[in-house]
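In what comes next, chain A is part of two complexes: it sits with chain B in the first one and with chain C in the second one.
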Partner chain A sequence: MTSMRQQRIPPLVAKQAGSPEVTAVVEPSTSAGAPAAVQRPERPRPPLQSYLLLALVAVAAFAFFWWTREDTSVLFIPLGFTTLWAPQWPLIGFAVMLAVLVLCWLTRTGAMAAFGALAVVIMSYWAGASIHFLDRIVEVPQRLTTGNTRDQLLGYLNPDWSYLLFSNVAGTSRPIWGEWLITLCMAVVATLIGCFIGLLLAMLASPVSSPNKATSQTVKAINSVVRSIPDVGWALLFAAFIGGTAYGLGALAAVLALIMFNIGIVAKLLGESVDAVALGPLEAADAAGANLVQRDRVAVLPAVMPSFVSYSLYVFELNIRASAALGVVGVAGIGGELSRQIGRMSQGYENVGAILWALVLVVLLVDLLSMWIRRKLL
Partner chain B sequence: MTYGYKIAAALAGSVLLAAGSFLLSYVPAAESSDVFRRAMLGSAAGAAVVACGLAIFGLAYLGTTKQRRAETQRVAQGREGYAPDRLDMRPVKPSKFLYNMALIFVGVVFVSSAAGTGMTLSALLDMPARIWDYTTQMVAGVAQIPDEEARDAWSSAFDAMLESVAIAWIGTIVGALFSLPCGILAARNMTPLAIYIPMRFILSIIRAVPELVFAVAIFIPLLGVGPAHMGGAMAGAFALGISSIGTLSKLISEAIEGVDPGPLEASRASGATHVQMIRWAVLPQVMPEVIAIWLYRFEVNIRASAILGALGAGGIGRLISPPNGLFGQRPYDWEAIGITLFVIIAITMVVDQVSGFVRHRVIHGATVRQKRRGFGGRGRKDTGGPGGHDDGSGQGGVNLTEARAEATAAR
Partner chain C sequence: MITFENVDVVYPNGFKGLSSVNLDIKQGEFVAIIGLSGAGKSTLIRAVNGLVPYTGGTLTVGDTVVDPRNKSKLRQLRARVGMIFQQFNNVGRISVLNNVLIGRSAATPTWRSLIGWYGAEDKEIAFQSLERVGIVDKAYNRASALSGGQQQRVAIARVLAQDPEVILADEPVASLDPPTARQVLGDLRRIQQDLGITCIVNMHHLDLARDYADRIIGMRGGEVVFDGPTAEATDSVIEEVYQRSLTAEDVAAVEVPVKLDELAPAADDDLHAATADPAAGGETGGKP
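Showing the complex of A and B:
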């Protein structure tokens, strides 16, 4: 290896040193005829050992996929004197992995990048296999052309607007538009409370503005736990904590769940804005003898206020979507009505279609509104 | 407009708001909708309180009229009036009247919405005891030596969570495949206006549609509903993928619009075609950032897949949400719920850490390490600027990308 490298380097150096005069002489002649082949330095080959290691990884993945496969289709490979067999999809996946490795080798990609490409292929194979990608994809044309699905998709195109505007929630005297109102109300309440708590937590979580290292690390850990639990999980948890059943619960569980959801987002994003705050005002406040609260109030808060407003508007929009979705697990709002209508979808798709179109419309309007406010304020 | 008129206008506005919402709570629409009536009454109450406050403030302001007039005359005659700000030569603070009124209005909206939701806050009184009770049960469930039942809970939670990760991964792959071309087509410096405008329009429509709508309206009928082998997981993955396209393309187009124009000019000057220019001048510059954006979206998708699961689109949401999930069984099995939540938290955090590490590695490369050069007890760096902050996790630049990603996702 080393001897080859040493042999290769001197001519390159010589060529580079001599190149100005060479090109100066050659250029006029090449403009008329075919361009002269200019020898450029090549990229060094990546080390072979690491590629062998990667091939080993591919083999291990192949073995794993063979071991855990669920379908039994088998590919036969005739070899003249004998016939080998192998499970079809793992073998194809293995071929793709090897092809990726060969391609990376030919383009002289570094070992880490090749490992990344291989990891993407392996992850995609695993994910695709565990959600039955191919089985479902091949069914799509059949579903599109026949029966129920086509009616359903067409049903969305002529939504029943009179249902949305004039009729009541089944079994009650509450109108449908009141459910939209309650969704909006939940989003407003949750945004205001959640963003305020999120601001406090962000201040505590950033080492710039928190009293000490221990506080900031603790708050960060709490925040990442809060963020990890999805909003549906929070809604169900609070429904149980309040002591009601999940169904017919009212808005409190949804509002509390949205508040937790907002705290997670705002504390994370704003914490980073606080981290990145300019150090000049901080030092000025320190030099003027401010204590921690005064320093945060004077030097940190004004600096992060624009991003706070921006994130709050973003969170409001997220809340509209999320509270529409949270209804699915049984809390109040339009989501509850949506899930009821999905449940009786066999009677017609016009009602669901109307709700979904209206949801798109409302989200679009809120988006425009928040864009307008942001432009006014910032 | 003088200050007095402003106060009068605000007072009139709040009185009008109170009266209007009070009247609105008696129209026929309010008869049918309890929510509307409550919200209007709440807004009337809030606006009435604001009106009272403004009235008191206005009266106090009126009371000082004589003094203010004397002051104005004295200043007009050229004599120095009493002005504390002259003493230390600081500028007078500008009036923030409109700003304060807007804040007060937000407060009224808050009161009105809180009334509208009809929350019964008395339910909060019992909550701490229940939280303590259930949390101890959950912790006991996680901490116990797993018996047969608990082992079932662990394995089903792991399976469902891994299914969520798979859904998020396929969703991200689908989004990534489409978002790079779409992002190039939506970047102003790469595309003529005739393609740029429709592309932007399509992308903003995709961003306006919630994932929920994609899942329910299109992909559940098309791909199936329920557990993975019934196609629910695929529906979730495709819903996430399609709705990722909007955000991803927007972010990628912004990254492309921010490239250094030098290499573009150089490639154009040496006669590159458009495709060659993208290949050799644009992609090498933006690829690290694009990969970071994709990975960030993967983390977002893991969280989003839970809510789709509640609709029957696979993953962890299906495991916990009623009617068939853990929260659908009548006496709650808190030990199993605790185990499931633990698995959710653990896997989400692990994926976040791995993805954060890869993003850091992709953006900063292997050799660059941020060293802490802090002074004093605070341990912060003495150089400012983006990425100059460091809290010891060493992911400054990545976190900024992330914050920008979230912020632009809103637009």
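Showing the complex of A and C:
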């Protein structure tokens, strides 16, 4: 094989024996009898028709955006003898679409990829226009520097640390920092239980490790339902079922909500890790006469253990963060205190600011801790 | 010991893996199966322990008829039939000892496996197996940290921990370098003879088969086309199995140590080939 290549294509630079300083450049096709070198192919040009079709799509999008526009500003284009006009934003969008198509044509991009690029432009125009994104975002600097927002911002930037460290929760003798502890404990309990159940469900959901297809499909469906309800949704549900802070059960409602939230995440992510596990060791366990539980334990679990630890730490972080949001629905922990402070925001933003900054700090610390654990374990 | 009576394997996609195979493998025999890729070697081996369910005929191991549909009976069978794979199939992230203990699965209650608490007796068996393959010093190393030859020894130890009557080996040495391949196969042969285990081994290399096996089975297109003692497996017979003349690669698994100056021209050739490669690649790419 190698010798055949040798004959067909001589080395470009051949060293002459005996006179090492002389180098001769040998042209590839000069040697007689060698087959003619085949031209290197050029990148094929995509069919023009498909690009014309794409241009038609761009025109249609332009017409649609013209028709549905709410901003009536118009751009005038003087041509000397007459002046054309067009709606400003749709025209700019159309220009971008055409520019994308031209760029794709010049780089000989395939029709499908060009369609993808065009679709991205059209989708972002449509989505942005529907929520008046550009109109609103240009107002932001002005909003930040005037009126209420300015005071709020200043409050956030001057957090009242003494409130956070030395005050009690309004109407009780519990210190504020105790709420942080409750939040942390909620996160720990929810992570432990949620990740364990998530692990079991992931094992049942993946066709690799579940007893049969029916089980895996069913569990997958259950997982989707669990995942489709957001954490706040679960908190509302549990607060309604078993009562919120008012009954002294706020922490339980929050923990149950976080558990469901964690099950959804871990079962989904870990289920995909299990899907991707190497099948060789599983076959070896099968061949050794292991039953399904044994096989999952000895061959699947060790393989997904790093992912599991990693996801669990991630979920722990999420729990700390989520418990702040859960406070809004009246559950315990720092979230509850945060929502109380938001309720009395008209009296100043320093307290909310202190909680938010502390939240950033705590999440950062948890992140560092989990990074350290991950490094030690894996 | 192992009897194939008109055994057929038809895969779910309709591919015929084995067609009416008749074999009788005796207790304590070391059988090598040779044949080209796709000849049905792996299918034959995997039919024995039900990893590939056979679709026709009767397959018997000892007194037991292999029943691919009866899962608990299949597990009982697999406890007696160990299997070694080309890619070792060890669990990389756990210790060598725990890998060997996987072989004790069938003899261990599920709850013990679940919490990873094996009995002293199981551990003793695992250590004895590791001693037999000579890597007991690695017992607490991670399996993935071992070399290829050591990993295959771990796999053999795992199989020995099952206390098997039969060992199936699917290309056990194909991922190993030639000297290591000989060592591992030699270990397998020695252990097999010591313990009187029946052994069926798939092989690429003819000379390994000739050196280690009692009996050679040649396969082509899912059928057994040669079956006889090793002495009868002459070159012409094997050429008949392969349906082509033997090449150096078929036979030479271990070269005589080559001197460095003999190697030199070849290495030089390779260098040139590498320089010319982009052009050659472009050329072949341009052809329809």
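Structural remarks
By our rule, the second predicted complex is superposed on the first by the 304 of 378 C-alpha atoms of A that agree within 3 Å, B and C clash if a C-alpha of one lies under 4 Å from a C-alpha of the other, contacts with A are read in each partner's own complex, and residues count from 1 in each chain.
One rule holds in what follows: a residue touches a chain if its C-beta (ideal position, glycine included) is under 8 Å from a C-beta of that chain, and two chains touch if they have at least 3 such contacts.
All figures in this text were calculated on a predicted structure; none of them were measured in a lab.
Contacts of A:297 after superposition: chain C is touched, whereas chain B is not reached.
Within the superposed three-chain model, A:107 lies out of touch with both chain B and chain C [touch as defined at top].
When the two complexes are overlaid on their common chain A, residue A:68 makes contact with neither chain B nor chain C.
Counting the residues of chain A touched by each of chain B and chain C gives the higher count for B. In the overlay built on the shared chain, the residue A:162 is in contact with neither chain B nor chain C. In the superposition on chain A, A:131 makes contact with chain B only, while chain C stays out of contact range. By the touch criterion stated above, A:175 is placed in contact with chain B alone, chain C being left untouched. When the two structures are aligned on the shared chain, A:284 is found in touch with chain C, with no touch to chain B. Once both structures are placed on chain A, chain A residues 280 are touched by chain B and, in the other complex, by chain C.
The part of chain C that touches chain A in the complex is made up of residues 49, 51, 75-79, 81-83, 85, 87-94, 98, 101-103, 105-106, 108, 110, 113-114, 116, 155, 158-159, 162, 168, 269-270, 272-273, 275-277, 279-280, 282-283, 285-287.
Considering their complex, residues 32-36, 39, 106, 109-110, 112-114, 116-121, 123-124, 126-127, 130-131, 134, 162-163, 165-167, 169-170, 173, 207-213, 216-218, 221-224, 228-229, 231, 233-234, 237, 303, 306-307, 309-311, 314, 316-317, 320-322, 327-328, 332, 341, 344-345, 348-349, 352, 358, 361, 366, 378-380, 382, 384, 386, 388-389, 391-392, 396, 399-400, 402-403, 406-407, 409-411 of chain B touch chain A. Chain A contributes residues 112, 116, 123-124, 126-128, 130-133, 135-137, 139-140, 143-144, 148-149, 152-153, 156, 168, 173-175, 177-179, 181-182, 184-186, 188-189, 192, 206-208, 213, 216, 224-225, 227-233, 236, 239-244, 246-247, 250-252, 255, 265, 269, 272-273, 275-276, 278-280, 307, 310-311, 313-314, 317, 321-322, 324-326, 328-330, 332, 338-339, 342, 352-353, 356, 359-360, 363-364, 367, 370-371, 374 to its touches with chain B in the complex. Contacts from chain A toward chain C in the complex involve residues 2-3, 5-6, 8-12, 28, 37-41, 280-281, 283-291, 293-295, 297-299, 302-303, 305-306.
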